[in-house]
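Both of the next two complexes hold chain A, though its partner changes from chain B to chain C.
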Partner chain A sequence: MSTDNNRLYESMGDKTLRYVTLLMAILVVILMVWIGWQMFSSSQESIQHFGWAFITSRVWDPVHHVFGALPFIYGTIVTSVVALIIAAPIGISVAIFLNEMAPSTIRKVVAFLVELLAAIPSVVYGLWGIFVLAPVLRQSVEPWLTKWFGFIPWFKGAPVGFDMFGGGIILAIMILPTITSISREVMAAVPIAHREAALALGATKWEMIRISVLSYSKSGILGSIMLGLGRALGETMAVTMVIGNMPKISSSLFSSAYSMAAVIANEFTEATYSLYLSSCIEIGLILFGITLLLNIFARLLVWSVARGPKGGHLV
Partner chain B sequence: MINVRRNFVNKLMLGIFAAATFLALVPLFALLGYVIKNGITSLNLDFFIKLPAVMGMTGGGMANAIEGTLILIAIASIIGIPIGILVAIYLTEYDRYSWLSTTVRFTTDVLTGIPSIIIGIVVSMAIVSKTKHFSAFAGGVALAVIMIPLVIRSTEEMLKLVPHAIREAGYALGISQRRIILNIVLPTAAKGIITGAMLAVARVSGETAPLLFTALGNQYWTHSLFKDPIASLPVQIYTYATSPYDEWHRQAWAGSLVLIAIILCLNLIARFAFRSRSN
Partner chain C sequence: MIRKTGRILTAVLTGVLAISLVGCGSQNQTQSSSGTQQTSDAAVTLTGAGSTFVQPLLLQQVAEYQKSHSNVTINYQGGGSGFGIQHLSDQTIDFGATDAFMTDDQLSKAQGGKVLQLPVALGAVTLSYNVPGIPEHIKISPENLANIYFGKIKNWNDPALAKDNPDVKFPDLAIIPIHRSEGSGTTSIFTHYLSAISPDWNSQVGSGTSVNWPNPTGKALGAKGNPGVAGAVKSTSGAIGYIELAYALQNKIPYAYMLNKDGKWVLPSLEGASADAASFQVPDDMRVNIVNGPGAAAYPISGFSWALIYQNQTDKAKGTAMVNFLNWALHDGQKLAPSLSYVPLPDNLTARETAMLKTVTSGGQPLLK
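Let's look at the complex of A and B:
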């Protein structure tokens, strides 16, 4: 009798654990859908009030109940693109250095330091941006760029330090670890035989990297850049602290601007009436939509190289 | 027979990669250097045991923010770590290959890319506007949502490293699947799971954006986890950094030093004390 009871108890325990874990797994998917639904339903008032004009309007005027998202979308995209232009080549170079060149002791130390860069809170980056980076940009870097490259509209204008250029640089530092670590992951998935084949044919190290490593992993590297872009678009605190927070659209990078995440951070709790709040959330919805699509696409690229839907190379 | 041009290009490219690596580390040292330099001079005993001073006054500390950060991390961990581990168990032990586990795995990856401020909005709409209170609970839930995918990912990787032979040995002895998972697989992967959880904790302890609309911030002690806004180091640093007072700027540097020290300690402990063989 007691063995029967035991078996019954064990099988119930088996089922309980199985169903609890299944429930939690489904919960993760529900959580994702719920986040999207919550954002969508909470911004309905603004969507119905402004329609598509919300995205193309430049006016953000809480006093007169008029809201448009264009300056924020512009600021977000420009800072993120500046960040990518700086961080993508450097981040991929670091990944190549770590995976293909560095001896193992140096690799361990440098990989740890790069991860440390990712561990520093964004608010600390912002603090450093306000008191260290912005003054340096205003006093030396930006006047120098204006002097020598002032004929390009991007580098025109009086340097303020708190501008899209500063925002882009801070973002570049923050997304570099993302690009490096995901690029390393996909480069590590390149079979050793490919490298040996290139070397056996007499390739130099760089040619081996180009022929075997980079061409094999290029779609995954593109994925890493897109994940970096996703991180840059949604990054809030550091950008809020250095971008200047002025809803302007200017061709000069040395102009104060505003980003989508920054306007939400600054105005969400101060939105005194429902249309105002709803407009803030609609900006969040746009941000959510862009980062969601970007992430889905980027993950598919990375999965196609490194992980794979079936649990990847570790199985 | 040495091809000069190819050799030159080779050296040049390798040199560029090494130089870029060096360049990438410059901001790290510049940032840490300033935080240590400006933080240490502003750090004193008062910082750890006193409430913030009245606006514009000198002195005071961040005792309430330090306590608040610990409370928020505790709430987030209590919610986030068990859920994350359970999902990872499902993905490795029960169902590795079906469309459902692929969907869950993919959703997890995508969830890590959702901006944290969006999590802040959603949790604020769901909890703060329903209960009419900014609270430690709301802040903790927001941080938990950020932790869950991180914990799932790291735990899953660790469980996958547990050899199949161990599970099969259990089955051969007639042990139930639940006991194999709880008494054999989890303990085998425990070090790695703890490492992952600590890294997730380190990651959320610096999060600011999701706390702005949930935990809000507070200049005083918090008495209720469900009814009072609560201070936290990151939000306090943000408030002080963007204020016009020199004294508050000094406190912001000191707060950053303490926050980075906490995060660094978590990272180092996770990496070295709990380092598993497989890593």
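Let's look at the complex of A and C:
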């Protein structure tokens, strides 16, 4: 009712603002549909040639015109999950520390440094991966894990350093700033009264954080993790430099693998016949689809968490 | 994802923009050249795209050429061999460049008629390794090389390697074969060589800018670009990788002797690669992979990059500028090659290419005087 009334007295500036912003919003939608449609139509040749077998086939052989996406899907998902398992606890811990415990000088310095991580170009992460991370993983970390946890299939096998584990670690570092800064913003938005209320009831610091801060901001924290996952799925350069670029599926994290974004970047430019090019684009389409599904899933998750009894209505 | 779609979008938009610009450019060009037909040095803009391998040489040649021909502007966009072939076929660029020559199938799809393929650059590939305690140059026979990349020779202490290097004491160290992860002319040359010397490789793996690398040991790796392979070899003990000659020479990377067709052990060098190309029977259409050529000095793992132009040019001014530039690049322009660590093309080949350029016509008139 009130908005209708306001609309009557809308000034010229308000109208302009409304139409300009509406136009921009429509542009974004058009852009997304256009990209999706473009990729779908450009990958028709490979879709018709291979059908669903494209997703389940493990062979990628440009010489003999045989293409399959499964190893790339596997490599992308495994490295992203490894990255999340490493980055999510670290990122959330850093956010809690910075928000609830750190003195303001330390908070400013550490928050600045974490955000600086996001400004490093991915090719620099990749170079660091080749010359620093891979040798350390091969010589110390991976042999140690194999020795003590070798009974788990994930940590079996002879370490090379250029593998899914390395790719996951690089990605974890790259998505850390996303998770940390968004979690921190969300936690900072928790009203101070909630904290005071918890403390007044006799809660310890940990109980206060758990009861008032975390439960209030959990949907936002989940959102930050999903944003991080989105970045991990699409990251190209740093991953391709450390993952080993072999299209194979192994239960061991110490095995070289390949990701979807990496194979597109690597082979797109030299795809010399149309089926090859079309297959590269279909990989892009699958990545597009996976990201879309993931975002829908993330929405549902955030929504169901936000509906919970204790949750706030943030995000 | 946002980044990736962003990139694809950028690529799409750039492509659309480039195509529309090229379209506009050619129209304007036609008008201006017809308007100023009397003056011989009307401004001409040529657009090329394709192989990134030849890009540094081509850009240097263009800069040098423009000192004496200020009316000619040549934009070379790179983009990769596939990109170059695609856009030449669609006639959205004036010339292309590729590291793997166009197949009959691709030639039949070219919309502007017959395509001439002219070797404009010569590259060679070296084998580089990281094995503690062995000399800078060891000998690797063709069979051993194929078996290393097949994963059949798994350890540096394999007797087959010791047989060619009786004085070298190889350590007990697993071999990690490294290849280029992205499609590249270097991979094309290397896999053509392996196909030439190993029938098994030819039938099971084949050759091309990207192949399905055998990996029975699970240790094979792909690394991005010459710097990526060189870096992975350097930081991985037991690794072996193939690197473009120019890059290996500039960065002082240890490399192996290869056994050539005449049974001589040769170290990779610009002269050796040139000797390989000179000794080869190059067919009239220039489509040949020159790996494993005869001659005592020939270094066996080398290959051409080709410039692609239509034999029939629709725009006389552009066509004339193009054949003149290419002819210059094949002769005077080759002097720039060694300083950029490309192998200069042998004279017997460039003379034949000039003859090819003389067959380029516009409206039935030959363009190269």
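By our rule, the second predicted complex is superposed on the first by the 266 of 315 C-alpha atoms of A that agree within 3 Å, B and C clash if a C-alpha of one lies under 4 Å from a C-alpha of the other, contacts with A are read in each partner's own complex, and residues count from 1 in each chain.
Definition applied: contacts are C-beta pairs under 8 Å (C-beta built on N, C-alpha and C of every residue); 3 or more make two chains touch, one makes a residue touch a chain.
Only a predicted model underlies this, so the values are computations on that prediction, with no experimental measurement involved.
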Given the touch rule stated above, what does A:Ile96 touch, chain B (first), chain C (second), both, or neither?
first
Check the residue A:Ala188 against both partner chains and state whether it touches chain B (first), chain C (second), both, or neither.
neither
Does chain B (first) or chain C (second) touch A:Glu267, or do both, or does neither?
second
Looking at A:Pro135 after the superposition, I want to know if it touches chain B, chain C, both of them or none. Which is it: first, second, both, neither?
second
Partner chain(s) touched by A:Ile35 [first = chain B, second = chain C, both, neither]:
both
Between chain B (first) and chain C (second), which does A:Glu207 come into contact with in this model arrangement: first, second, both, or neither?
first
Tell me which partner A:Ser250 touches in the superposition: chain B (first), chain C (second), both or neither.
second
Would you sort A:Arg231 into first (chain B), second (chain C), both or neither based on which partner it touches?
both
Once the structures are superposed on A, label A:Leu70 by its partner contacts, choosing first (chain B), second (chain C), both or neither.
neither
Do chain B and chain C touch any of the same residues on chain A, and if so, which?
31, 35, 38-39, 126-127, 130-131, 230-231, 233-236, 241, 261, 265, 268-269, 284, 287-288, 291
Of chain B, residues touching chain A in the complex:
6-7, 9-10, 13-14, 16-18, 20-21, 23-25, 27-28, 30-31, 34-35, 38, 83, 86-87, 89-91, 93-97, 100-111, 113-119, 121-122, 124-126, 145, 148-149, 152, 157, 160-161, 176-179, 181-182, 202-203, 205-209, 212-213, 216, 234-235, 237-238, 241-242, 249, 252-253, 256, 259-260, 263-264, 267, 271
Given the complex, residues on chain C that touch chain A span 1-5, 7-9, 12, 52, 79-83, 85-86, 98-100, 103, 105-106, 174, 176, 181-184, 205-213, 215, 218-224, 228, 231-232, 234-236
Going by the contact rule at the top, pick out the chain A residues touching chain B in the complex.
10-11, 13-14, 16-18, 20-22, 24-29, 31-32, 34-35, 38-39, 42, 89-91, 93-94, 96-98, 101, 110, 112-117, 119-128, 130-132, 173, 176, 180, 204-207, 209, 227, 230-231, 233-237, 241, 261, 264-265, 268-269, 281, 284, 287-288, 291-292, 294-296, 298-299, 303, 309-311, 314-315
So in the complex, the part of chain A that touches chain C is made up of which residues?
31, 35, 38-39, 59-64, 66, 126-127, 130-131, 134-135, 138, 157-158, 160-162, 230-231, 233-236, 240-241, 244-248, 250, 255-256, 258, 261-262, 265-273, 276-277, 284, 287-288, 291
